[in-house]
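Residue numbering begins at 1 within each chain, and the chains themselves are lettered A, B, C, D, E and F in the order written.
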Amino acid sequence: MGGRETDVVLLDENGIRSDGRKVNETRKVTIKVGVLKNADGSAYIEFGGNKILAGVFGPRDVHPKHMSNPDTGILRVRYHMEPFSVSERKNPAPSRREIEISKVLKEALEPAVILEKFPRTAIDVYLEVLQADGGTRCAALDAASVALADAGIPMRDMVCSCAAGKAADALILDVNNEEDQAGQADMPIGYMPNLGKITLLQLDGVLTTDEFKKCIELGLEGCKQVYEIQKNALREKYFSSGDNN
Amino acid sequence: MGGRETDVVLLDENGIRSDGRKVNETRKVTIKVGVLKNADGSAYIEFGGNKILAGVFGPRDVHPKHMSNPDTGILRVRYHMEPFSVSERKNPAPSRREIEISKVLKEALEPAVILEKFPRTAIDVYLEVLQADGGTRCAALDAASVALADAGIPMRDMVCSCAAGKAADALILDVNNEEDQAGQADMPIGYMPNLGKITLLQLDGVLTTDEFKKCIELGLEGCKQVYEIQKNALREKYFSSGDNN
Amino acid sequence: MGGRETDVVLLDENGIRSDGRKVNETRKVTIKVGVLKNADGSAYIEFGGNKILAGVFGPRDVHPKHMSNPDTGILRVRYHMEPFSVSERKNPAPSRREIEISKVLKEALEPAVILEKFPRTAIDVYLEVLQADGGTRCAALDAASVALADAGIPMRDMVCSCAAGKAADALILDVNNEEDQAGQADMPIGYMPNLGKITLLQLDGVLTTDEFKKCIELGLEGCKQVYEIQKNALREKYFSSGDNN
Amino acid sequence: MTNLSIIDKLKRSKILDLLQEGKRIDDRALDEPRPLVIDTGVIPHANGSARARLGDTEVVSGIKVQPDKPFPDMGDKGIFICTAEILPLAHPSAETGPPQPNVIEIARVVDRGIRESGMIDLSQMVLQKDKSVIGVFADNVVTDHDGNLFDACSYAAVAAIITSKIPKWEMKDDKPVLIEDQASDTPITTIPISVTMGLMGEFIIVDPNLDEWECLDARITITTNSDGNIVALQKGGSDGFSLEQLVKCSELSIVVGKKIRDIIKQATEGSK
Amino acid sequence: MTNLSIIDKLKRSKILDLLQEGKRIDDRALDEPRPLVIDTGVIPHANGSARARLGDTEVVSGIKVQPDKPFPDMGDKGIFICTAEILPLAHPSAETGPPQPNVIEIARVVDRGIRESGMIDLSQMVLQKDKSVIGVFADNVVTDHDGNLFDACSYAAVAAIITSKIPKWEMKDDKPVLIEDQASDTPITTIPISVTMGLMGEFIIVDPNLDEWECLDARITITTNSDGNIVALQKGGSDGFSLEQLVKCSELSIVVGKKIRDIIKQATEGSK
Amino acid sequence: MTNLSIIDKLKRSKILDLLQEGKRIDDRALDEPRPLVIDTGVIPHANGSARARLGDTEVVSGIKVQPDKPFPDMGDKGIFICTAEILPLAHPSAETGPPQPNVIEIARVVDRGIRESGMIDLSQMVLQKDKSVIGVFADNVVTDHDGNLFDACSYAAVAAIITSKIPKWEMKDDKPVLIEDQASDTPITTIPISVTMGLMGEFIIVDPNLDEWECLDARITITTNSDGNIVALQKGGSDGFSLEQLVKCSELSIVVGKKIRDIIKQATEGSK
């Protein structure tokens, strides 16, 4: 929430946002499963202008060994932006922001993955942002869940994710890059619908406690919409042959 | 000894220094023992404007194992300045200066610590400069000795430390920051009074051989004064209950 | 091949180059063997203005162990330039260029060294460029071969090396720094004469396929000349006592 | 929870048993933070400083103010940068070397709480638009680690900022020149207070100490401003929260945050 | 070859047996590269982009164009920098962390092929001599690794460059200022194509896949320009080539290079 | 001494036995440095250079002179920077990678000896006050390591500096421009000479070789200037010195230093 001055009208008199959406509408989301040959599981998501590739390896051995846990598997997550993914070319070395997001996404996925089944091993989730357009961490989390499922990793539920926020004094779903720069609040949410658990939650910006509650509720609606798209993507890969041929 | 030009009068006509001290007078030194909860031993020293925290852990296991010595314990010392400890904010990464001082302080403490008693282990001394005001290495060495004693590490003697130097053509005890910048010589000394051994000695600046000898002798007087303060600080922690209650 | 504009005449009307050489003439090459006391084998080469020191250690143990190979020895090569070796002082940290050249030289030497004889060990070749003058990688490779021989490492053949290239539209042997900056092509070649194998080959610049073949042939002539100098240098160290005394 | 060691599992079970009876391992109420002691002016040479002792967790924060270049596209604002470091003497497990992800997270969460609240009016800290601005660096060092470094660092940094002074610079020949003895108070608009809560089983506990911290299911840090609005938030840990739990946490963050804000206000009043 | 594992030795012996019969493990002819598919415009926010799929090796290349300082002594030319990274999702053996020597070599060989060919007319990319020039950054990321990253990265980068646009900047107060909506085509003088060939026993094979790659004796990458001249070359691997083999490789590089160049030309034509 | 290996302990006992008889392991007198050979001009492309061979320890020092920014608050002086590196070919135990503490100490002790003596008159090396000054870089590389790198690096650097030339620059448009063929002698005010002495038992030995070095109790490096004054000093090692021993060391440093200074003067005379 830079609160930068801008000439953009974030919400017009008819409640329409600068990119033509209604306040409670997400951007277009498409997910493709199994896009990589070498990864054990993979997914490619386009979430508005975000383009993100997720690849999963594991369960596999941990090197060095002392990093492994004899009682459970461990989950490792790396969120990484390509140099060309943002408007100013990004230095290839991992930034503090990328390190923090990697940690937050790991902790958003951990409640979903049944790690106890694979003691002494690691499951690696690699998230590569090819193009960033506001809301990369949510889109990356969505792709990660699908890639984990594609890798056959047993899960309690899939984590679906979408942000809600506030711009031009209105609560809005799925904050885009422009709204993130000039808006009032951005709150990424990660959710496991079947278990009713919120596993990712961050906030930049200012909200009253009342707005806070409404904002989560709005975000959860977005999460559930994404959840359907995630399930359809998996269905398409694993069951489409029966339907279409 | 930058020998920078300055308007400061380092020594007035009455032999009084810019901070009001006589040539053979140290700044005020106070030491508190056992100031940290988690460290095995700790001390906090204020030496003039220097504010330094010392913490000791050990004897404890060494990782990686091949760094340990089957015949003796090893001593590890880290001298580190906080970003806010100096006038221009310091980059948090360890500087070459900090690395050298860490090594010099380690070799100043080694003669005092009875390491043979603890083969395969390490004793770690961490020295954190919260505020620097000229003479940090001496003050850090003083605090380190007390923290080692507080940790119950067996020692041949305590190392006490104080600098001597030269400014305005006079030999002076306990060089402060101003005198270090504009003076002619700064010689930090570390000393074990009971064994009569000088374990820290460095010099920047120009001295004749005659001045060199006198300068050490002056510095040793300062060391002995600090030694008393060190002992009092330990006495206060370990024996004050009997005296005061 | 920067193709930088320059006033230098690279080749005059009589076919003489800016440093007085003919097109098929190398610079002066001198090699001294066994110049270091601590290395198992060593050589010092002056190749025109290049001054390079080569030192070899091994076969010796590999740390960490998991880097070793139970079936064969491994060859490790480090090419490194001193800060004062080039006109603009070089940063001491290894550059990407040095890392690439180290790899290329390693792969140029591997065909020559009989590594299978020394399983689980490493042979280390250290190449230190004291002064660079165009063609350092060839000169370093020449010195490395001699130092390996001096260390008593069994070899299939020695690798000799010299560049060929193109300047002022003529094919030239042993491209110097000026010709490298302002010329049209530079092609370093490494060669094992007894086995007829080219083990180093790179090219910057533009050549027709016909020129390419002729350029290699020219370069091989230079390699063979260097080969004789390498052999003489070894002969001088190991057999001179018999001849001269 | 499966990634806990056996010792941590035993500890967790003991702590949970106590929580069932409404008790905590150190006898606090579930919504009760540890005693907070703030000392200001502990680093007189810095432009501002404070030591926060939250139970047995201790943090020293020092403020350095110096001219800097503005961030790109933010030429009309001063810069604010917040760091954190767990000094190796703070705990036997603390490591030297480049900052680990958990420390980077602490620094960034503390930074965001202060930045997003607009605590410092950075628009007053421009020397020359797009070229030279005033930078405020808040460096936090943990000297004793008994859990909940998020809040301890945040309280130390906030107190240090409140008591800090901004020296005066003027532009001369395109360069900032210090005008001696003209420092002014840092322009403060609000006091952001973070409150970190842990989830264990169904229980929410405020300001977990290290024993509790090591066996939490999940945690959340909510920062509120002087108006009682939420300005930053960070969920962590290996489990999730229900919506109801989050609403409860947001309420707790306001109630507890108000008490903490009063302590910090009082501690910093004298030193302004 | 002695540094091969037992599995690689068995693989090598099988591949060699097939080569004796004139066959390759994936049924290609010895001088036949894998199918190449080029998609352009895959990163619309970049100044140019392409995805190259060479068999099962896949690379995404993105071009960023931005003002920069010239290299010393090269004040009359724009700058061109090319990087490569094997993303950890590209292969189970890929590692994160600073680039390894093999990746540095790939980046530098791709860079040299483009630079030495003079593909981009860098003399047209000067904003103010010796002070400010336009920089073209070609960053290649490998998303699937099935061998021969040299060529896959090179094809992706070349296609991305061909389709890239150069925004317009003008100097104002010694600083480049972007003029919106005035991008022009990148000035292209030739299309450099690298062809990588492996040596196994006496056989030379074009575009080795990963199974082949791991048991090659030696390899060579030859880059040719649109005129059919050789512009860059890199020998690698633990054995050497005879002069005859090198001449054969140079001929192969021109023939195969021409076919690849046609594919890239066709794929990039629409997007100009 | 307890941190010595068994081999080193045996070596130490043998060396001590010899010292009791007034002898050293290489037959030198206790106060006798090893033979010193200085060659100058060994790197003709550098602005100055020298090779120092002290017994079997060998160091090459190269001087680079180039315009730079002054240190903050030192705008009226040129800069001097001294580095050291033990090349991996210098000894089987030498390691590549970032410099270890012992190498950093060597570089800093050599640097201080030269800097504190005022050897180079840096006030003559200002191109434009506070903006642009001349920098002198003395990089020392150890090519053979047989102990006492402090002195070998110091002698090589001092000889290289004495023989170095300062090119001429003039300021044009706020930038230094090189004026060709106008180099002048580096302004030298004094010749600092370091003498390193080891303590073993009660014996003080000058210029310990590697066998001696590895089992010293403590060591001290004292640098004196041409006037016979002490200008820098560094104690090292795991034991301490008595005051009497230090006084003896200071006297030795002047006597031995004078001899070394004469050797360096003679070796560098021709090359000025």
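Operating definition for what follows: a residue touches a chain if its C-beta (ideal position, glycine included) is under 8 Å from a C-beta of that chain, and two chains touch if they have at least 3 such contacts.
Values in this document were obtained by computation on a predicted structure and should not be read as measured data.
A.B. asks: Going only through chains that touch each other, what is the minimum step count from chain D to chain E?
C.D. replies: Counted as steps through touching chains, the separation is 2.
A.B. asks: Starting from the defined contact criterion, work out which chains touch chain E and chain F both, please.
C.D. replies: The common neighbours are C.
A.B. asks: Listed by label, which chains are in contact with chain D and with chain F?
C.D. replies: Looking at chain F and chain D together, the chains touching each of them are B.
A.B. asks: With contacts counted as defined, which of the two, A-D or C-F, has more C-beta pairs across the interface?
C.D. replies: A-D
A.B. asks: So how far apart, in whole Å, are chain B and chain C when each is placed at the average of its C-alpha atoms?
C.D. replies: 52
A.B. asks: Chain B to chain F: how many Å between their CA centres?
C.D. replies: The answer is 27 Å.
A.B. asks: At what distance in angstrom does the C-alpha mean of chain F lie from that of chain A?
C.D. replies: One centre to the other, that is 58 Å.
A.B. asks: Could you pull out the residues of chain A that touch at least 2 other chains?
C.D. replies: Within chain A, the residues that touch at least two other chains are 88.
A.B. asks: In graph terms, nodes being chains and edges touches, is this line, ring, star, complete or other?
C.D. replies: ring
A.B. asks: From chain B, heading first to chain D, list each chain in turn around the ring.
C.D. replies: So, from chain B then chain D onward, the ring reads B, D, A, E, C, F.
A.B. asks: Of all residues in chain E, which touch chain A in the complex?
C.D. replies: 42-46, 49, 56, 58, 60, 62-64, 66, 83, 85, 87-92, 96, 137, 139, 141, 143-146
A.B. asks: In the complex, go through chain B and note every residue touching chain D.
C.D. replies: Listed in rising order, the residues are 36-39, 42, 49, 51, 53-57, 60, 78, 80, 82-85, 87-89, 92, 124, 126, 128, 130-131, 133.
A.B. asks: Quick check: in the complex, which residue numbers of chain B touch chain F?
C.D. replies: 1-4, 69, 71-72, 74, 88, 96-97, 99-100, 102-104, 107-108, 110-111, 115-116, 187, 192, 195-209, 212-213, 216-217, 220
A.B. asks: Where on chain E is chain C touching in the complex?
C.D. replies: Residues in contact with chain C: 2-3, 72-74, 101-102, 104-105, 107-108, 112, 116-118, 218, 220, 225, 228-243, 246-247, 250-251, 254.
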